[in-house]
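Next, two complexes with subunit A in common: one pairs it with subunit B, the other with subunit C.
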Partner chain A sequence: MMGAILKRDLQLAARGTSGTGLSLAFMALFVLLCGLALGGSRPDLGPGLLWLAATLSALLGLDRLYQPDQETGALAQMHLSGASGLAIATAKSLSFAITGLAPLIIATPLLALLLGMDGPAIIGTILSLIIGAPAITAYASVTAAILAAQRGSGVLAVILTAPLLIPVLIFGTEAANTFASEGIAAVQFRILAGLSFIAVALGTPATVAALAANRGPA
Partner chain B sequence: MTPRYNIRLNVQDLTLSRGDQTLISDLTLALGPGQALWLTGPNGIGKTTLLLACAGLLTPDSGTAQWIQQDSELSSREALAYAAHRGPERSGLTLGEELAFWQSLNGDSLSLEERLTSVGLAGRTKTPVIGLSAGQRRRLSLARLMASDRAAWLMDEPLAGLDTDGRALVTSTLSRHLTDGGMALIASHQPVPINGVEALKLVLEPGA
Partner chain C sequence: MFTRFANPQRFVGLARWLTPVFGWGAVIVLTIGLWQALIASPTEVEHGDTVRIMYVHVPAAWCAMAAYSSIALASLISFVWRHPIADLAARSLALPGAAFTALALITGSLWGKPDWGTYWQWDGRMTSVLILLFIYIGYMTIWQVIEDRKRASRLAAITAMIGWVNIPIIKFSVEWWNSLHQSATISQPGAPGLAPELLTPLLLMAFGYTLLLGWLTMRGMLSEIAQARAARKPAPAATARVEAL
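Up next, the complex of A and B:
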């Protein structure tokens, strides 16, 4: 059930409907412009900038997560076909993590080199992004589900999700910064992992409830 | 031979509205196995709204629509399949990918190619959904109904855009479904001919 929904989303993403390319381009542009605005390379600001760039770029494609399937009535049909809200929410979240977030994390080392960051800082940033990814995905899924019935709600989705991600952003950046001195056992990494668990625990039922509330007339 | 399905629909004092406009008030009807209901009436009168309420996708203002199988209540999602006026297909996919997805959700016993053949779309697996005509989309939605193996079929304008062959296909498919003990609720402007069964006609009228 969940596998079928995920497979369909990946097929759609392969046809370019998930906006992965757009998010990647935005992230590269964002980092490039930051470099220009800050006047040369500032490796000390690198982790923060990359976290900001990855988060904002990932949120850009948020209105493509549930909204097209809501609009065509596919979400209601999946429900009638026996798919549980949990299966739909989990499959969609996984598809967001795979098509929306993973490419950005993979692009991070290249952009980090652009900012003049050194090896440990780059590894720290990537690790912190991976550990924080469930939190970004869970909160993104909640707002996308709430706004599923709203057309053209892309910017609104970013505005609603950003405040939820503030603690994740703070500890993500701090974890990346402390990786060089304290490694993965740093308390910042553990807090970041905790934030991810909280986000998934709160976000999953909230997504399911939001999808149920939006089930009405297609 | 015992029929494949055994389902009843009880609609009790159903009142439905859209926005602040009451569309249907205090509707009561009962439908049993092998019966079809033809809903008709002017645009915007509430035909689709009534189908949505029966499908459990819309909460009525008051009253209930219950699905009953062997004296116990069935949730709407176990009882019915709903072919909406606009299908759930996504333009990025091919016909084969789209139908295979709904087949796997519903656990269809037929293969993709067999199912496509049954609605006259054989060999169209690779056709992009965006390239389908209105009639082919109706055929796809008929294929989804057949794949669902649900006792009750809710159909919104099943004949729109279909050619003579397509209309004959709807008639034969529906007739077989009703013979199997199934049920059909059809919202349509034109009568949907069914072999061997006279569809009950419900005309929705303004102010009724």
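Up next, the complex of A and C:
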């Protein structure tokens, strides 16, 4: 069942409903504006800016995660056809990670070149983003599930998710910065991985509970 | 006790006499506490007169964290047992809690300027308290935007319980990161502790703040119950008009 939901979501995304292009465009524009506002390339700020750009761009697409399916009744149908809450939440989170987050991480090296970052810094940023991706996905999924029945809740989703993501952002940026000197074994990477585990452990049941609360009779 | 006050009517009975106790208690304790803190207590060796900011800053921070933890606990009770009063308590604690958080941040930065030479430092303690303020704002927004009362209460409870992860981060931030902020002085065994003439007004103020928090929350809960009753009963004027038609 999980596979079926994931396949459906990926097919929908392939036909252009996931807003991946929009997120990518926002991310590129964000980096471009940062470059202009900060007066040219600032490789020292690169990891932080890329983390910000990736996180904010990913959160922009949050209202496409559960809200359309809640509105059309697709979520209710998945539930009726016997998919467990866990299966729905996991499949939806995976599809968000694949269609909403992975393209942004893939685009990171190109944007890093725009900021004038060097090799180790770029690799560090990508690695830290990959390790932090479960945390971003998990918290994004909770907020999207909580707001599933609210139309036009894009900005609110960002406001709700951002505070939860602050520790991830702090350690993600620090991990990217220390990669050049200490490599992947740096303590910041381990903390980041720990934050990701906590986020998944907290976020998955909360997503299931929020979807259930939005499904039931009012 | 737990199920007894699940009945709003019984709770109102309790709240009727508890609310004035909290309210007048807060007035009396805060008056004595403020007099002790601002006038009677001696200045501190290192801080001089700025130590007096402590008496408004520390209790505000304590209450901000206590209020959030209470929201999380009440949310858990409301989520698991659908306890209506726990639900009201969680909702009514949010605004005073957010106000105490803002007060802690403001007084903290006013204290930071003379003592550390800066209003703000991006370190663990200050940042995590600022995050707490945003979590409060997010929590209150959930209640605002979701129209359906029952659904809002379940979704807000989930939000509150997730946001609770921030509380241990605040508590231990001064130990995990190097911070300008001083670490736990009173509660830790073996900590330097506080001289009794400074500790007494601090504890008085903390008690007064807690009573104030209790009073504000009780008032909020009573007003929620009154609103719910008013919504259930059709307004007399409206009924009259229907009958006239």
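The working rule: the second predicted complex is superposed on the first by the 215 of 218 C-alpha atoms of A that agree within 3 Å, B and C clash if a C-alpha of one lies under 4 Å from a C-alpha of the other, contacts with A are read in each partner's own complex, and residues count from 1 in each chain.
The rule is simple: contacts are C-beta pairs under 8 Å (C-beta built on N, C-alpha and C of every residue); 3 or more make two chains touch, one makes a residue touch a chain.
Please read all numbers here as calculations on a predicted model, not as lab measurements.
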{"item": "Touching partner for A:Arg190 - first (subunit B), second (subunit C), both, neither", "value": "neither"}
{"item": "Subunit B versus subunit C as contact partner of A:Ala210, first or second or both or neither", "value": "second"}
{"item": "Which superposed partner A:Arg42 touches (first subunit B, second subunit C, both, neither)", "value": "neither"}
{"item": "On subunit A, the residue positions that both subunit B and subunit C contact, one per complex", "value": "216, 218"}
{"item": "Subunit B - residues contacting subunit A, complex", "value": "18, 48-49, 52, 55, 57-59, 76-78, 80-82, 84, 86-90, 92-93, 97, 101-102, 104-106, 144, 148"}
{"item": "Subunit A-facing residues of subunit C, complex", "value": "79, 127, 131, 134-135, 137-138, 141-142, 145-146, 148, 150-151, 154-155, 158-159, 161-163, 165-166, 169"}
{"item": "Subunit A to subunit B touching residues, read off their complex", "value": "1, 4-5, 7-8, 11-12, 15-17, 68-69, 72-74, 76-83, 215-218"}
{"item": "Interfacial residue positions of subunit A with respect to subunit C in the complex", "value": "142, 146-147, 149-150, 153, 156, 159-160, 162-164, 166-167, 170, 198, 202-203, 206, 209-210, 213-214, 216, 218"}
